[in-house]
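These are the structures in question, set out in turn.
In what comes next, chain A is part of two complexes: it sits with chain B in the first one and with chain C in the second one.
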Partner chain A sequence: MTLNLNPLIVLLIFPGGLFLIMAGLAYEYLDRKLVARFQNRIGPRWFQPLADLLKLLSKEEITPLGVQRGLFYLLPLFALASALTAALYVPMAGLLPAYAFQGDLIVTIYLLSVLTLSMGLAGACTVDRFALVGATRTLTQLFSYEAPFMLALLGPAIAAQTWQIRSINEYASQNLWLLIAQPIGFLVALVGLMGKLELPPFDAPEAETEIVAGALTEYSGRGLALFRLSKDIELVIGLTLVAAFYLGGIHSPLDFLVKTVGLLLVVALLQTLFARLRIDQVVGLWWRIGTILAVIQLIAIVLGRYVGNLIF
Partner chain B sequence: MSDKDKGVGFLDKIRTWARVNSPWALHYNSGSCNGCDIEILATLTPRYDVERFGIKLQGSPRHADVLICTGPVTMQSRDRLRRIYEQMPEPKFVVVVGSCGISGGVFQGCYNVLGGIEKVIPVDMYIPGCPPKPEAIIFGIVQLLEALKTGRKPEAVAVIPEPQFENKA
Partner chain C sequence: MSEKFVIPIGPQHPALKEPSHFEIFVDGEEVINATLRLGYVHRGIEKGAEQRTWTQNLYLMERICGICSHVHALAFAQGVEALAGVQAPPRARAIRQLVAELERLHSHLLWLGVAAHEAGFDALFMYSWRDRETVMDLLELLSGNRVNYSANLLGGVKFDVTPDQKVRILDGVSFLEERVQYYLNVVNSDETFLGRTRGVGVLSREEAERLGAVGPTARASGVPRDVRVDVPYAAYTEFPVRMVLSQQGDLQARFVVRLEELFESIRVIREILNNLPESELTARMPRRIPAGEVISRVEAPRGELFYFIVSNGSDKPERVKVRTPSLANWGTVLATAPGHKLADIPMLVAGIDPCFSCNDRTVVVKTVR
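Moving on to the complex of A and B:
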C-alpha cells in the first residue's frame, strides 16, 4: 500500500509525530498488561501510559546542582527527535516507508542507538553517583549488544542484496519467512531488541534494587516523560523492523498489528521468564555467544549464496 | 467566567485526572520496627496488585509523587527524611502508615525519637494500625486520590469492625 502525503503531515501526524506517540503508548500498555497477566495480576488500565505521560509533563522539573544545564535539557529532546526520525524509514503500520534511499538501514540503526547514547550522556552529566553508575552500565550494554544486533539485521540485507529497508521488506514477503531460513539471526535480533530497550533480563542499567533508577535518577517531570516516550516509540520501531525482516514483511495495517503484537507477546513472555543478569553476564552473553552466533549465521548466508550461484 | 478561564479550567482538569490516575510512590522507613514495611511490600505483591490504580513503586525521589513513610522519626533519620522530601518535585504528597508515624507509637518519649512524621514534614494522609493491613493501605491511598479529585483535604474516616461474636452471658 502506498500513500502520497504532504511532507508536513508525514512528519507531524502520520507516520511520524502524533501517530507514533499514540502507538508507543498503546504498545507500552500492551507490554505492561501482558507482563501483569503472566504474573497473575490484573494489570494497569488502558489509559495508564497516557496518564503517566501527562502527569510527568505537568510536574515540576528540578535542575540538580552540578549539571551542565544545556545538555541536561537538550538530551531528552534529542532522544525523542531521533526516535521519531527513525520511524520515517521503516514500514510503519504496513504502509511503505515515507522515505527510502540506498543505505537507510544503517541510518535507522544509528538513529535507534541515539536514545541509548543520550541516556548515557544524561546520566554522565549529573554528579549523582547512581546516575553515573547507571550511565556506565548503559554505555557498556550499548557496546555489547550493538554489534550482534547489527549483524543480525545484516543477514536479511545480505540475503536481499540491498541496504534499503523497503526492498528488504519486499524481499522478505516474496520468499520463505526469514524466521525459518535464518532462525539464529531472528533469535539474536529479538534478544538484541530487548537489550536495546533495557527490558528485563537486560535491565541492569536501571536496576532499581541496586542503583535507584540508573542514568535517569536525577530526571524529573518533562525530561523523564520525554525519555520514557522515546523508549516506547523505539519499542514500536524495533518490533516493526524485526517483524518486517524476519516475519515475512509487513504489507497492510492488519499485517502490522498481528505480527508486531505477536512479537510483543514473545518479548513479554521472555521478560517474565528470566531474572535480571549482572552487567558482566550481559557483556559475556553478547560477545561470547550472541556475536559468534550472528557471525556463524552470516557465514552460512554468504556460503549459501556462493553455493547457490555455483549450482544455478 | 471568560473564555481564557475556561481553557485553564480544562487544562487543570486534565492535570488533575493524570495526577489522580498515576501516583508513583516512594517508600521511606524513618525508624520503624519493619512491621509496616512488610505490609507495604505485601501491598505491592500480585495478590493486591496496586498497578490497577496506576501506583508504582519508584526508587528515586525525583520520580515519585507520594512519599509513604513508616515509623517514628529518630534523631538520625530526621535530616534524611527532610532531604528526601525536598528532593521530590512538586506536587507531592505524604502518606503516613502505622501508629508510630502518627504519634510515635510505642517509641514515644524515647531519648532518640522526635515523634510522628508531622514533626518534620507536612503530612496529607494518616493510615492507622499496628501494622495496618494491605487493604487498609490501599483504602487510605484511594481516599487520598479521591480528596485530590475534589481538591479538598482528606477527612477522617472511621472504620469500625462489625462485632463477630455475640456475648452470651
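Moving on to the complex of A and C:
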C-alpha cells in the first residue's frame, strides 16, 4: 500500500502526531489491562490512559529547587519529539514508511534511545536523591541492553542486505518468518525492547519500593505527561519494528494490528512472570547472556550467507 | 565516592505502608550503613490502658495491631486470668488456638504478598492476597469480623464453632493447603525470585541469638525459639505444633519457614476441629483482679509477643507493658544491611514482617543543651 501524503499531514496527523499519540494510549491501555488480567486483577477502563494524560497536562508543573530550568523543561519535549520522529521511518499501521533512505534503521535506533537518554539527564539535572539513583540506573541499563538490542535488529538487516527499514520489511514478507530463521535474535530484540521501556522485570530504574519513581521523581504535570506519552509511543514503534523484522513484515493495517497486539500479549505475559531484577543482575544478564547470544546469532547469519553463496 | 550519600527512606515512602525513618548510607548502589528511627505512630495505648477497666482493655489491646489482633487480646486475657487464678475452659482454649492459627494463616499470606511486591513480583502479590480472602472469610464466618475478631473474653471466648462452620473451615483450609504448596514451589524454584532472596540478608545463628531475634526470623536462622513449643499456652499442650527450623538464615529461608509453618497451622486447625473438647465457653471472672504482676507470652505470627501486667487490686490495671515482636527484630535488619545493594533493603525490611504501629510504644525526646 502506498499513500502520497502531504508532509504536514505526515508530521501532525498520520503516522506522526495524532495517530501515534492515540495508538500509544491504546497500547498502554492494552498493556495495563493484559497485565492486570494476568495478575487476576480487573484493570483500567479503556479511557484511563487518556484520562491520566489529560489530568497530568492540566496539573500545575512544579519546578523543584536546584534544577537547571532550561534542561528540565526541554527534556520531555525532546523525548517526545524524538519518539514521534522515529515513527516516520517505520511502517506504521501497515502503510509504507513516510520517509525512507539507506541507513534509516540506524537513525531510528538512535532516535529511540533519545528517550532513555533524556530520562537519565532529567534525573541527573535535579538534586533529588531518588532521581539521582534512578538516573544512574537508567543510564546503566541503557548501556547494558542497547548493544544486544541493536545487534538483534542488525540480524534481519544483514539477512536482507540493506539498512533501510522499508526494504527489510519487504524482504521479511517475501521470505520465511525471520522468527523461525533467527529465533535468538527475536528473543533478544523482544526482551531488549522491554529493557528499553523499563517494563518489569527490568524496572529497576523506577522501582517504586526502593527509589520512588526513579529519574522522574521530581517531574509533575506536563513534563511527566510528556515523558509517559513518549514511552507509550516508543512501545508502539518498538512493537512495530520487531513485528516488521521478525514476524514476516507488515503490509496492511490488519496485519499491523494482529502482529503487534500478539507481540504485546507476549510482552505482557513476560512482565507478570518474573520478579524485578536488581540493576547488577540486569547488567550481568545482558552482557553475559544477551550480548553473547546476539553475537552468536550474528555469526550464524554471516556464516549462513557465506555458505549459501557457496552452494548457490 | 568518598562523601557519604544518604538515601532517606520514610517516614513517607511508597515502600512503607506505615511510617518509620531509615537512613541508608550508600556508596553507589552498595549500602555501607543503615540507621532507623521509630516512634512516628506512638498512640499512647499503654497509658490509655491504665484508665480503662480490665474488660474495656481487652478491646483496646486488640486494636494494637490490625493484622495480629487476636494474639494481643489472647496475651492480655491469659495474663489477667493468671492474675485472677482462673483457667479458661478446655473448649474455650481450643477455640482460642483455632483462631490464633487461622490468624497466622492470614498474616503469613499477607506478608508473602507484601514481600513479593517489594521484590517487584506483583503477580505473586496479587495471587496470594486473592487466596488470603479465603481465610478472611473463614474468620468472618466464625466471628462476624474480618480484622478485629474479638474472640476473647476474660475467662473464655465469645463464640462456639458450629458443625456447619467446621465443615466450611475444613474446606477452606484444604484449598489453602494446596495454594500454599504452590507458593512454596514458586518461592523455591522461580529463578528471578531466588536471585532476590537466596543468600541475601544472611543472619547467622549466633548473630540472631545475640540480637535477640524472635519468631520466623530467628527460626530461619536455626534458633529454636517458639513460645507455642517452649511454654505451651491455650491448648498447645493438647494440640502441639512442630517447630519449623531452617539453618540457612537468608531471605529464602524466611520465606520457606513461614510457608511451612502454614502447613503446621493447617494440620493443627484440622486436629482441633476434629477433636474439639466439650465444655463451657467461659469461666467466671472476678470484677476486681487481685494485686500482683504477671508476664504473659504468646507466639504472634511475627514472633514472641510479650505482656507485662501489674494489678493493684482495683478494676483497672496499674500498668500494661507490651513488647511486640517487630521491635525485637529491627536489630537484625540493621546488622545485615551493610554490604547489600540498595535494591535489597526493602526486601530485608519486609523480611522480618515489620509492624510499625504495633511497636511504637513511646518516644524519648532528648534535648541537647
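To be clear about the criterion, the second predicted complex is superposed on the first by the 312 of 312 C-alpha atoms of A that agree within 3 Å, B and C clash if a C-alpha of one lies under 4 Å from a C-alpha of the other, contacts with A are read in each partner's own complex, and residues count from 1 in each chain.
Please note the rule applied: a contact is a pair of C-beta atoms (placed from the backbone, for glycine too) under 8 Å apart; a residue touches a chain by one contact, two chains touch by 3 or more.
All values derive from a computational prediction rather than experimental measurement.
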| item | value |
| --- | --- |
| First, second, both or neither for A:Ala93, with chain B first and chain C second | neither |
| Which superposed partner A:Ala172 touches (first chain B, second chain C, both, neither) | neither |
| Which superposed partner A:Val267 touches (first chain B, second chain C, both, neither) | neither |
| Touching partner for A:Glu208 - first (chain B), second (chain C), both, neither | both |
| First (chain B), second (chain C), both or neither touched by A:Arg129 | second |
| Chain B versus chain C as contact partner of A:Leu30, first or second or both or neither | neither |
| Touched partner set for A:Gln281, first chain B, second chain C, both or neither | second |
| Partner chain(s) touched by A:Asn40 [first = chain B, second = chain C, both, neither] | both |
| Where chain A meets both chain C and chain B, residue numbers | 39-41, 130, 208-209, 212 |
| Chain C partner contacts - residues on chain A that touch it in the complex | 38-41, 129-130, 133, 136, 200-201, 203-204, 207-212, 272-281 |
| Residues of chain B touching chain A in the complex | 14-15, 17-19, 21-22, 46, 49, 51-52, 54, 58-60, 62-63, 65, 87, 89-91 |
| Sites on chain C touched by chain A in the complex | 5-8, 13-15, 26, 28-29, 116-127, 130, 190, 192-193, 195-196, 341-346 |
| Contact footprint of chain B on chain A as seen in their complex | 32, 36, 39-45, 47-48, 50-55, 58-62, 130, 208-209, 212-213, 216-221, 224 |
